[in-house]
Amino acid sequence: MSQIQEKTQVIRLEQLTSDIVRLTLDAPEISSIASPGQFVMIRTGNTSDPLLRRPFSISQTSSDGSFQILFKVVGRGTSLLSHCRKGEYLSVLGPLGRGYRIDPHRLACLVGGGMGIAPLLFLGKTIMRKYPDQGPVVVLGAKNREELAPLIDDFADLGLKVHVATDDGSLGHHGLLTDVLKALDLGPQCTTYVCGPKPMMTAVHLFCRSKHYGCQVSVETSMACGMGACLGCIVPLEKGGYGHSCSDGPVFDAEELVWSL
Amino acid sequence: MSQIQEKTQVIRLEQLTSDIVRLTLDAPEISSIASPGQFVMIRTGNTSDPLLRRPFSISQTSSDGSFQILFKVVGRGTSLLSHCRKGEYLSVLGPLGRGYRIDPHRLACLVGGGMGIAPLLFLGKTIMRKYPDQGPVVVLGAKNREELAPLIDDFADLGLKVHVATDDGSLGHHGLLTDVLKALDLGPQCTTYVCGPKPMMTAVHLFCRSKHYGCQVSVETSMACGMGACLGCIVPLEKGGYGHSCSDGPVFDAEELVWSL
Amino acid sequence: MEFVESKAPAVDLRVSIGSLSLKNPIMTASGTFGYAKEFEPYVNLHRLGAVVVKGISLLPRGGNPPPRIIETSCGMLNAIGLENVGVERFISEKMDSLKGVNVPVVVNILGDTVQEYREISKRLADVDGIAAIEVNISCPNVKKGGVAFGTVPEMAAAVTAAVKESCSVPVIVKLSPNVSDITVIARAVEEAGADAVSLINTLIGMAIDHHTRRPVLANVIGGLSGPAIKPVALRMVFQVSQAVAIPVIGIGGIETVDDVIQFMLAGATAVQIGTANFINPRASEEAVEGLSRYVVDQQLRSVRELIGGLILAD
Amino acid sequence: MEFVESKAPAVDLRVSIGSLSLKNPIMTASGTFGYAKEFEPYVNLHRLGAVVVKGISLLPRGGNPPPRIIETSCGMLNAIGLENVGVERFISEKMDSLKGVNVPVVVNILGDTVQEYREISKRLADVDGIAAIEVNISCPNVKKGGVAFGTVPEMAAAVTAAVKESCSVPVIVKLSPNVSDITVIARAVEEAGADAVSLINTLIGMAIDHHTRRPVLANVIGGLSGPAIKPVALRMVFQVSQAVAIPVIGIGGIETVDDVIQFMLAGATAVQIGTANFINPRASEEAVEGLSRYVVDQQLRSVRELIGGLILAD
C-alpha cells in the first residue's frame, strides 16, 4: 500500500451551506494514486489542541493533481479546517485504507446519506470511466433540501440519474432513502456501495441481504493514526474478533460485520 | 481598579515588518478607562493550546473607542494573533495593572527599546495632552532600521523630537540607546519612563541614579492571570519580598526593584 | 450554615457538603481565585456555590523565587510556594471583604507539621463567616523528611483528625493525585473524620528550557493544572466516589458546564474551577448559568440527579 | 549487539543502553509504531536508534471492545487492551520483516503473572534479531487481585528477575507513572537486575460523554499519552535518573528534537516517541535529523554530553 505525507496547498474553500464545506487541495501524489472509498488524515491546526489528525473521505480527484473533500463542521477540528485560507499549507496523510471494490458484473447502486455522500462521487466517476455502460443508480438522502441540494449537482453533471429523499420532504421523497431504494427496480444482480449514518447502513444491509444483493459499506470509527498503528479503530467482525477500519476498511462487505439489529 | 472582559472586534491588522504587527481593536470600554503603561490580556486562539492569555501593552487609544497594540511574533501565541482577521472577535481583559505615574513637574524622557516602545506612544500622547508645555524627550532603540523605522513615525507625528539608536547603525546612533540618552542635556530635573529589555533598563536605571533622576520602568514577567490571582508574576523588591508585576506593576519605580548589576 | 434562600429557587441546583448547604455546586479552587475580590470586576460572586481562598499557613510565607509559572501543552506548571499572608493577617485583612460578598467562604489551609494544621484550625474555629475548611495535604511533612502528607494514609489521617478536633465547621480534605492508589488515602481521611474530600490537587511536573539548559521554574518542579490533567482528575473522582460515603468535590481542568456535568456524573457532589479562572474570569459564573439551563433543558428535578449518574453497563 | 557502523559517523549520536549500542538515542514507543512496517512509507527506519514493537503476550489477545481511543486536551486516552498476536505468531509472522529493516528491535512484553513474563522471555531468548526486551509492568497482576505489577516494588522486582533469568539480551523495565514515588520502583528493578528503565507509561485517565452519560471508552478507564503528560514525564525522568545508576529512557509527550534535548538534559540516555507518531509519522526521523543538527550547531563532541546536563544552581 503506498501512502504519502504531503504538504498540500489549499486551492479553494467553498462554503456550500452554513456548515458544509468543500475543500480543494493541491496534492499531486495523493491524487494520482487514490481510489474511491479511501480517505486522508488532515492536521486541522498548528497547535496540540486538537491533537490528532481528522479523517475525511476523498470525494473527488482531478487530473490537475488536486483532490476534494466535503465536510460538515461538527467540532473543533472541522471548525478550524473551515477557517483555512487559500494558499495555506495543510499536512495530509493518504490515501489511506481499502476503498470500494467495484464489481463490473453487477449493477452498481450508490447509496449515500448525509456526509456519506462524499466518497460516492469519486466512486461514481470511477465506475463511469472504467465501465461506461454501467450507468450506476444513485440514491442520496439528507435532512433537508439545504443539506442535500449542493451535493447532488456533481452526480447529475456526470449524467447519472439521482434519486433523492429528505427527512422533511423539502427535496425528493419525503422520508427515508431506503424507501426510495426499495421502490427502485434494480434487477436480480446488484451491488450497493453505501456510506452514511449507521441506522441507514443497517437498513440498506438488511434490504440487500433479503435481495441477495452485494453490499459494501464504509464505516466510521474514531481514529488516532489512520495507518494501522494505534489499533484504535476497530469494528467487530462476524467471524469473531475485530477488523481495523483504517487498514482493513473503511469499506467492508456488510456481511463481514456484526450489525446490532 | 476597574477592569473589563470585552469581546473586541479586530478593526485592522498591519504587518509593520516581517514580524512586527500592529493590531487595532474596537473596545470602547477598555479604551475609555485605560492609562499609559497599562496592559491587556488577550486570548490568542480558540483552543486550549496555547492555554493562557498573552499580555500586551496598550500602545495607543483612540477617541473612536479603539485601542492598539504593537507586538512582535516570537512564539505560538503571537503567531496565532498575527493571523487574526478583520472583523474577527478577540476576548480581551483590561485595562490591567498600574501604569506610569506622570510627574508634571519634571522633564519627561521616554526611553524605549525594541517592543518596549509600544507603551511609550500612549504615554507620550497623554503627556502632550495633559501638559502641552512639557514636550517630552524621546529616546528609542532597536536592532536595526527595519525594526525601528515603523515605530518612530507615530512619535514624530506628535511633534516630538525622537533620538534613535540601532545596534547596527542602520538608523540613528550606531550603538546603545543609553549612549544617546547620556549625551542629551536633560537638565537637573528629569524623570525617565522606560520600557525595554532588562540590560537596557538596568543601564538607564544606573544612569538615572547617578543623575538623581526619577526612573519608572515597566517590567515583563510571565503571567497567567494578569489580575493578581495566580501570584505567578513576581519581581523581587529592594525592601524584601516580592511585588506582583500585574497588579503592583508592570510599572515600578526603578528604586523599588532589585537589580542584578 | 445556610446560604440558600429559604424558598427553593425555580431551578434546584442545591447540594450539600456535610452540614454545609450550597446553592449550587460551583466553587472556585484555592490559589486560582485570590481572595475573591480580584474577581469582583468580572463575576457576581454571590451567584457562586462557594469560593475557596488561597492556601493559608500559620505564619506568612513569601513563596518561591521567580519564575513561578510556565505554560505547558493545555496546562500550566506553578511553583508559587504557597505565598500567603498567614492566618492572622488573613483574618484581620481579608475576612471582612470576603464576608461582604455574600458567598460561602472555604478557607484552604496548609502546614509543615500536624501541629501547624491544628493551630491554624483553632485560630479559624471562632472566626465568623467561614463556611468550611479545606485541608491541603499535598504539602511536605517536614518531620517526615519532606514526604507529602497526602501520600501516606496515616499522615493524611493524622492531619484530618487534628483539624477536625480543632474546629466545628465542615472539614474538606484535598487529596494529592501523586499517589499509587488515591482511594486508600480517601478512605483514611474519611475514617479520620473528614466531612468531604476534594480532588485533585496538581500533578507534579517539570519544564526545562533547552536554550539555557536550566529548569524553567526556580523551584525546579511545580504543579501541573488545567485541561491537560482533566482525564486523570475525572478517573480519580470516579474511583474515590465509589470508595467513600462522604461527598466528593471534583477538581482538575474544569472549564465549562460540560466538564461540570462530567465530574458530577463521575460522582462529584460539587466541583471547583481552577486554572480556567485565569483564562476566563467568568468561567465559574458561566458554569452556574450553564448548569441551570441544563437542569431545565433536561427536566431534572434537581442537579443532584446527576451525582454519580454515570451509566456503566448496557 | 552492534548496530552502529564500525567507523564512527561525522556526528556522534551514539548512546549505550547496557550492552546495547545505538547509533542514536531516538526510539519509538511500544504500541504507537505497530510492527514498524506500518511506517515504512514515511520513515527511513534504519535511521532510527531502535524501534519498540507493540506489547507481546504469551497468547494472542483480542483487546478491548470499541471505542478504544478518545482525544483529550493535548492528549489522548487509549484502552487498546493490549491487542496482539501472541509471542508465537510474533516470531513467525513479524520478526522476518522486522529483521529486514536493519534497525535494532526491542520487544515489549507483558503478562498476567510472573510466570507468563518468564515464559515469553524464554521463548524470545533464542530468537535472532532481538536487540533488547522491554518489560511493561503496568499490567495488572491477576494473582494479586489486579494490582499493577509496576506499583509494588516487590512485584516489579520479581518480574524483572524472572525476565533477566530467562534471556541474555539487555532488559529494559518500563515503569508506570501511577505511583507515589517512582524512584522506589526504579531502584527495586535496578536491584533485581534491570539493565535500564524506560518511563513513563501512560497515566490512568477517563473520559465521559455528557450527552450519553456513559464513559467514552468501553473499558471505562484508559491510558493518557501525548504532550499533556510531558511535564509529569520530564519530572519523573529527572527524579529516576538521579536515583539509579542504570540508563534511563525518557518517554512521554515527546514530539520534536527540543523535547528530546529536554529529556536528555533531565537525565535520559535515550528517548521514545509515542503518540507523536500518529500526528506526524516522520516525527522519529525528524528528531534524529534535528538532534544531528543540534550537536553540530552546539559543537558538542557527542550527544552524550547532553545526558543529565541540566544546570541546577547559579
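Going by the order they are written in, the chains are A, B, C and D; count residues from 1 in each one.
By definition in this document, contacts are C-beta pairs under 8 Å (C-beta built on N, C-alpha and C of every residue); 3 or more make two chains touch, one makes a residue touch a chain.
Worth saying up front: this structure is predicted, and the values here are computed from it rather than measured.
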item	value
Steps in the shortest chain-to-chain touch route ending at chain B and beginning at chain A	1
Those chains which touch chain D and also touch chain B	A, C
Chain located farthest away, centre of chain C as origin (C-alpha)	A
Distance from the mean Cα position of chain D to that of chain C, given in whole angstrom	35
Where chain A and chain C are represented by their mean Cα positions, the distance between them in whole Å	47
Touching two or more other chains - residues of chain A	48-50
Multi-partner residues of chain C (each touching 2 or more other chains)	73-75, 226-227
Chain contact topology (line, ring, star, complete or other)	complete
Of all residues in chain D, those that touch chain C in their complex	72-75, 77, 151, 178-181, 203-208, 210, 212-215, 220-222, 224, 226-232, 234-235, 238, 253, 258, 261-262, 265-266, 309-312
Residue ranges of chain C touching chain A (in the complex, touch as defined)	73-74, 227
Interfacial residue positions of chain C with respect to chain B in the complex	31-34, 38-39, 41-42, 54, 62-63, 65-71, 73-76, 78, 80, 83, 226-227, 255, 275, 277-282
Chain C-touching residues of chain B, taken from the complex the two chains share	1-5, 43, 48-53, 91, 93, 221-225, 227-236, 241-242
For the chain A and chain C complex, residues of the former touching the latter	48-49
